[in-house]
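Have a look at these structures, which come just after this line.
The same chain A turns up in both complexes below, where it pairs with chain B and then with chain C.
Showing the complex of A and B:
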């Protein structure tokens, strides 16, 4: 038995299994429980096959396509070598989509992290109505990016007079702002970042709440005995370090999800005239390159391969850097 | 003195929480306010907190407007979300059980290959997946919208973690009674694992209902639009009355909000169980 499966089998299973086998062999048919590899594949096979077909095969095909000139075709014949890669990496629009992602991450990751942690800490210490507040902050998770973008675009941050933000600012005498089409200053970032913040803060709050509940109360008692004041001091020296594992997971998930941002950008910014030239994250760029009018699948595939590599490398580096799996001390 | 400060702090914290809770509810309020208002009320220059005329007929208008195929889109979304949930849970739970409980030499390799796909998020592979699905001729079909999304490494991982902790005595008893892996799974394991099935089902259902990029790419014909694609088309084209758009959006999230509030404890348990943070 190899190491990975051994962890699934606590003490003595091997010996017990052998005894069972001896007892059962007579009379057990082709589908008897002793045919373990057969049963393993009956259970795992359909899932593994599907996953291979719809993840690994497309990836491999994509790598293949990326070396061809594939306009409007998935069985190209015009081999172009690394041509798609070089034109992708020298394409200003592609590079600026990576810049857009970097900027977006810079806004959304710290904002979501701070808000969800603050919500968790406050909700966790409530003695009354805890379930109510948890539900309110968690509820946006049920809402889709499409619906949220609709509310933000057509009501909350609508550029016209009856938009809520413009109405509220109007009470203080401010002028109307066209939130989504103003590029100097880039107000559209405020709209984009707040949509995602609202939608996902509650989800990460739940992760932090689970982390908070795992902290031993004895630590807080010991800190109180040592004279640590409740509030900031306790948070800094007990709560925050104890949440290390949760924090690492939250930051990783936030970055990966920011990298995949598409829904809110597409629904907030594109209109009857198309998508504006600014604020195009990688997936929006890819969407228009591969599936737009040109259907340049070779170029799009090269882009997908580059993005897949970036995210794989970033995940590994980030996990190392943040010390995923390192024992807490 | 010290005590008084703690009390002030607590009151401030409560006030801050209430303010944040109100802010979090504003978008839902806007959805209902605009959804039940007349077009004139929505676009009126001076803001009213509640529509001057509550127009319940918006709810029927939105289903009869021929330019907005809301009924059909809701039907598509329901079919897609239900079949995705059923298929995902069936496939992922079987695989999770096999990985957790059936000793097999290659299990470690298979499990790593499954986890590896988590590193390559589905959204990054949407171009190659689109290529595959279109060469199968599945564009704008239910098959194309559902089947490629059925294989969730995330769901498989949750089931495996759960089954690793399933009480072995129950399975041993079944074994003694002469049940093989298959019948042990269906008669003993599944009936005793309802919470994890509820958790994964709810999370998958919400994800499938709210999915956008894949239905946008695959469901190109209006016949195959999900409710998200239909709403998005009108949000970005801006050729529909605002009150219709808002009431349609409200209708699209109403069933989800109900499911969410009823099954919240399972979702919370599922999110916590995802074990990613351990």
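Showing the complex of A and C:
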């Protein structure tokens, strides 16, 4: 509040006066280099506090809970050591949920990758209406997983005769199929995978498009001069290697997204009485164990810790393997 | 730069685990608990799940307003109510009085709800004993049953007659009937979109003359008859007699009303809607008996009113719960019968109800009285999940019922041992 007083000093006192003023004004000190650490904390503090409060405290608490029999309580007293971990690791349902997840990742990551790359290459070659198609393919990204899952469940792949898929099959005289309830063959995967492809492909297409547009046209010209045929040969030897950085980012993002799979699974397959034993990824299973009516927070936390370790290891391995961030040669 | 990779990993890791605890935290602080500040007289908050029938919300608010000894604020909570209450009970910001699909054994043992024995004791015998039983643990009563809900098998008389099928009285007859009633346009039976694993639960076991947990706390279905009966449910699925993937689930009569199915397992609450559409052209049945020791079975259950142990005004909350759900029989009757279609939890009121004395409604009430079974308190969620998973695998994957049940028996045994200790 003293700054205005300093400002009110009459002009024309010369350089000495100005220097004096700077020294005396508390404001000047406040903005000076010696207060850098104060400003560091003012800017970083709220974020650090939020991170600690909403990430580290729950994380530590979760680890703490995992060593207790914590039914319906977050302040347990019944220490069980590694009991929760052993029962989680011997729980067939949890192990099969990890299997489900692995299967899902093995399919969805390459499928989304291939589809979005194909879309990008096609859109990139368009001479007219490129912006239009770019928008059209990108648009599903704006749709929520919940909404899309409900449309897939209730209208496209509804099991009754007036569901879209069944209507189309009906034209060819086929029987109606209960897409989400049939386990032999596992038609539910078709529903789950298509909804995610529809939602995600557009976003990754944009990433690939950006990558494609950064490839220097001279490379293609040089290749043409060297006799490379346009089409597969050019794509294989010029486009694809040039997209390496984009590809690494896309694959990493896809795997992380697959780890977090919850929304479409939950909205497609859960009902008021629970969740079927198939297509149940770990997050869904843990959600029912810890936060559902079971309220077994100890067991759920143990599962979360196990899952977190798996994700950590997988990510580190993947980063090494793909050489993430390695300097481009 | 390699750090970027592990950076993302770390963030993903933290997000995944932190989310677990965070969800609870957010659930706790994200809601106005309804406990009003200021004003005169103690404030009590009361929670209800969202009833589908119009008028219930206004009615319960009216009941609360007419209570003079405390200021009661009603909270009407849409969404996953069981999960909301479970999270809220972990904190101080939960309700004082709340209805609960339980209370569960772990809620009672965890000291989350208050003992209401003294309040119920004088009129204990007037309550439907089947639904009161799961509210009792170690001779203390932990919740006051509000109404009785039951599920029955609805069938279209005309469709059965056209197909030359008698209303099925045994499980074998049901399997046959469902197959004969299945046409290109209409399926024979609707047991929910999951093929019945969810809604049927222990019902087939009771129909086989078994149970979920015995009186002395042992597994109630460690018997070859259980596998035989569950195998017949599989038959229904394998015959393609079951309606699957309908737009609405078993709790809604839409599939039955749209003639997507000739028979449907649904709640008593669906009866007025079905009556309105089909008039007299429908009937109700219990789940049919199976095997030599079999008996028809209908599940009965009740939302109960409970008082949170974390409430700062436990005495006032108990007084209010007791006033509404024990003293004021007129309001209980209004609640059960004026909006939806529930059987009053008090036998004396159920007998007086005119709406329950004629036609299919009277049949349903009779089944609930004669053949009603309630899930025992010791049947914990972990046991239910294990059994439901197995039932689903038997029905859909054709897994061997015997080996599936053996796994479930082991798991349930462990759960029962857990609740026995302490």
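The rule is short, and it goes like this: the second predicted complex is superposed on the first by the 294 of 329 C-alpha atoms of A that agree within 3 Å, B and C clash if a C-alpha of one lies under 4 Å from a C-alpha of the other, contacts with A are read in each partner's own complex, and residues count from 1 in each chain.
Just so it is clear, contacts are C-beta pairs under 8 Å (C-beta built on N, C-alpha and C of every residue); 3 or more make two chains touch, one makes a residue touch a chain.
Everything numeric in this text was worked out from a predicted model, so none of it was measured.
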Between chain B and chain C, more extensive residue contact with chain A: B
First, second, both or neither for A:55, with chain B first and chain C second: both
Touching partner for A:231 - first (chain B), second (chain C), both, neither: first
Touched partner set for A:71, first chain B, second chain C, both or neither: second
Contacts of A:159 with chain B and chain C, given as first, second, both or neither: second
Which superposed partner A:293 touches (first chain B, second chain C, both, neither): second
Touched partner set for A:273, first chain B, second chain C, both or neither: second
Which superposed partner A:183 touches (first chain B, second chain C, both, neither): second
Touching partner for A:245 - first (chain B), second (chain C), both, neither: first
Common ground on chain A, meaning residues reached by chain C in one complex and by chain B in the other: 54-59, 61-62, 65, 74, 154, 160-161, 256, 259-260, 271-272, 283, 286, 290-291, 300-301, 304, 307-308, 311-312, 315
Chain A to chain C touching residues, read off their complex: 54-59, 61-63, 65, 71-74, 92-93, 154, 157-161, 163, 175, 178-184, 252, 256, 259-260, 271-274, 276-278, 283, 286, 288, 290-296, 300-301, 304-305, 307-308, 311-312, 315-316, 318-320, 324-327
Touch list for chain C against partner chain A, complex: 1-6, 8-10, 12-25, 82-83, 86-87, 89-90, 101-102, 104, 106-107, 109-110, 112, 185, 192-195, 197-199, 201, 240, 243-247, 249, 251, 255, 260, 380-382, 384-386, 388-389, 392-393, 396-398, 407
Chain A residues touching chain B - in the complex, by the definition given at the top: 1-5, 8-10, 13-14, 17, 20, 31-33, 36-37, 39-40, 42-44, 46-48, 50-52, 54-59, 61-62, 65, 74-75, 119, 122-123, 125-126, 133-156, 160-162, 164, 167, 198, 202-203, 206-207, 210-211, 230-231, 245-246, 248-250, 253, 256, 259-260, 262-263, 266-267, 270-272, 283, 286-287, 290-291, 297, 300-301, 303-304, 307-308, 311-312, 315
Chain A-touching residues of chain B, taken from the complex the two chains share: 6, 9, 13-14, 16-17, 20-21, 24-28, 30-31, 34, 42-45, 47, 91-92, 94-95, 97-105, 107-114, 117, 119-132, 134-135, 147-148, 150-151, 153, 156, 164, 168, 175, 180-182, 185, 206, 209-210, 212-213, 216-217, 228, 231-232, 235-239, 242, 245-246, 249, 252-253, 256-257, 259-261, 264, 267-268, 271-272, 276-278
